[in-house]
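Letters A, B, C, D and E mark the chains as written, and numbering starts fresh at 1 in each.
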Amino acid sequence: MLVGKIIGTVTATRKDEALVGAKLLITQPLDMKGNEQDNPIIAVDTVGAGVGEIVLYVSGSVAPYAVRKHEVPIDAAIVGIVDRIDLMK
Amino acid sequence: MLVGKIIGTVTATRKDEALVGAKLLITQPLDMKGNEQDNPIIAVDTVGAGVGEIVLYVSGSVAPYAVRKHEVPIDAAIVGIVDRIDLMK
Amino acid sequence: MLVGKIIGTVTATRKDEALVGAKLLITQPLDMKGNEQDNPIIAVDTVGAGVGEIVLYVSGSVAPYAVRKHEVPIDAAIVGIVDRIDLMK
Amino acid sequence: MLVGKIIGTVTATRKDEALVGAKLLITQPLDMKGNEQDNPIIAVDTVGAGVGEIVLYVSGSVAPYAVRKHEVPIDAAIVGIVDRIDLMK
Amino acid sequence: MLVGKIIGTVTATRKDEALVGAKLLITQPLDMKGNEQDNPIIAVDTVGAGVGEIVLYVSGSVAPYAVRKHEVPIDAAIVGIVDRIDLMK
């Protein structure tokens, strides 16, 4: 999993039926110190994440597990809201 | 998922049977400001996307879910037409 | 999917049983203008592709679908011969 | 698989139900000489790994196999504690 | 698949049960001319490969197919010993 920050939303009226009702959040990957790294991706929210929050997200074919539906064409999903990051000194 | 722009089509007469009838669209990945990033990929259309449109697409082994067929050898599929991108100020 | 050019073959006598008879083609990824990009990969042929041909190939866990066998340990497969690439003007 | 060093932990109170009780470890990928490479990822522990330990971890959709639960949305898991790395001279 | 050279071994006493008995080989990816590219990965051997040999390996969730066991948390496996690489002139 990676840590990211929700920086926006994507709206798509015409879309795969399985995505109807899905909240599509623009997620900026962060390193462990909170710096941006790589380009944002679009992840489906499953934990009530909002813009500005720091989240934990999964990528790839495990993403559909987060929405508890089979065979949904999504490849990224938010699976947690990050409360704390503890780095070894 | 990523956002991309449809910039062309690929024609392949000799191909896997499961791909017969599939529309193969050249998709240029974009960042959230509309700039091109990385190289284009070929995605199967499932939402009636056309050249010039901004789309949402999935990569990897969830792509077959978008075509509602099992065991189709595709690794990218267009799952939505992007209407709006709202970035946090 | 990506577009690539077949630039050679790999021979492996000692190999996974499921690969016996598989044609292992060295595939050079190309961009949409025909320039080489990234390093070649080895893909299993399923459409009768030959050295010098421009092909469409899939990567990842959907590759076994192309050989119509379950649980074959391959992660790339050629699924079409490219006839034409039309890029938007 | 890759070798990494556990450099911290992530706490997420609000999260996917399937992740309740999972230990989320910040894992810094290492090369075979122990140098850091790429950015840290978050992996679920399944072998009792602790901060400071050198581990073996998997990425992608095989990660749920490590937690012996089906359909858990995790894409990285620690599967071993590294005792020794022997490099060819 | 990629071509790599076995450059060492990893020993992990405490590990996922499904990995007991697995030979963990450090595999250096090579380009088609035999030059090293990218960082080594750890792959499970299934063909009797030894240090110094040039192999063909798969990555991702098809790797468990090579060990003929279901739900084994491995993401790379050696599936062949390379005898010859023929590059187009």
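In this section, a contact is a pair of C-beta atoms (placed from the backbone, for glycine too) under 8 Å apart; a residue touches a chain by one contact, two chains touch by 3 or more.
Everything numeric here is computed off the predicted structure, so don't read it as measured data.
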> What is the set of chains touching both chain A and chain B?
Replying inline: none
> Using mean CA coordinates as chain centres, what's the chain C-chain E distance in Å?
Replying inline: 19
> If you average the CA atoms of chain A and of chain C, how many Å lie between those two points?
Replying inline: 31
>> Touching at least two other chains at once: which residues of chain B meet that condition?
In response: 60-61, 63
> Should the ring be read from chain A with chain B in second place, what is the ordered list of chains?
Replying inline: A, B, C, E, D
>> Show me the residue ranges of chain A that touch chain D in the complex, using the header's touch definition.
In response: 1-3, 31-32, 37, 46-48, 56, 58-63, 65-66, 77, 79-88
> Which residues, counting only chain A, touch chain B once they are in their complex?
Replying inline: 6-16, 18-19, 24, 26, 39-43, 51-52, 60-61, 63-64, 71-76
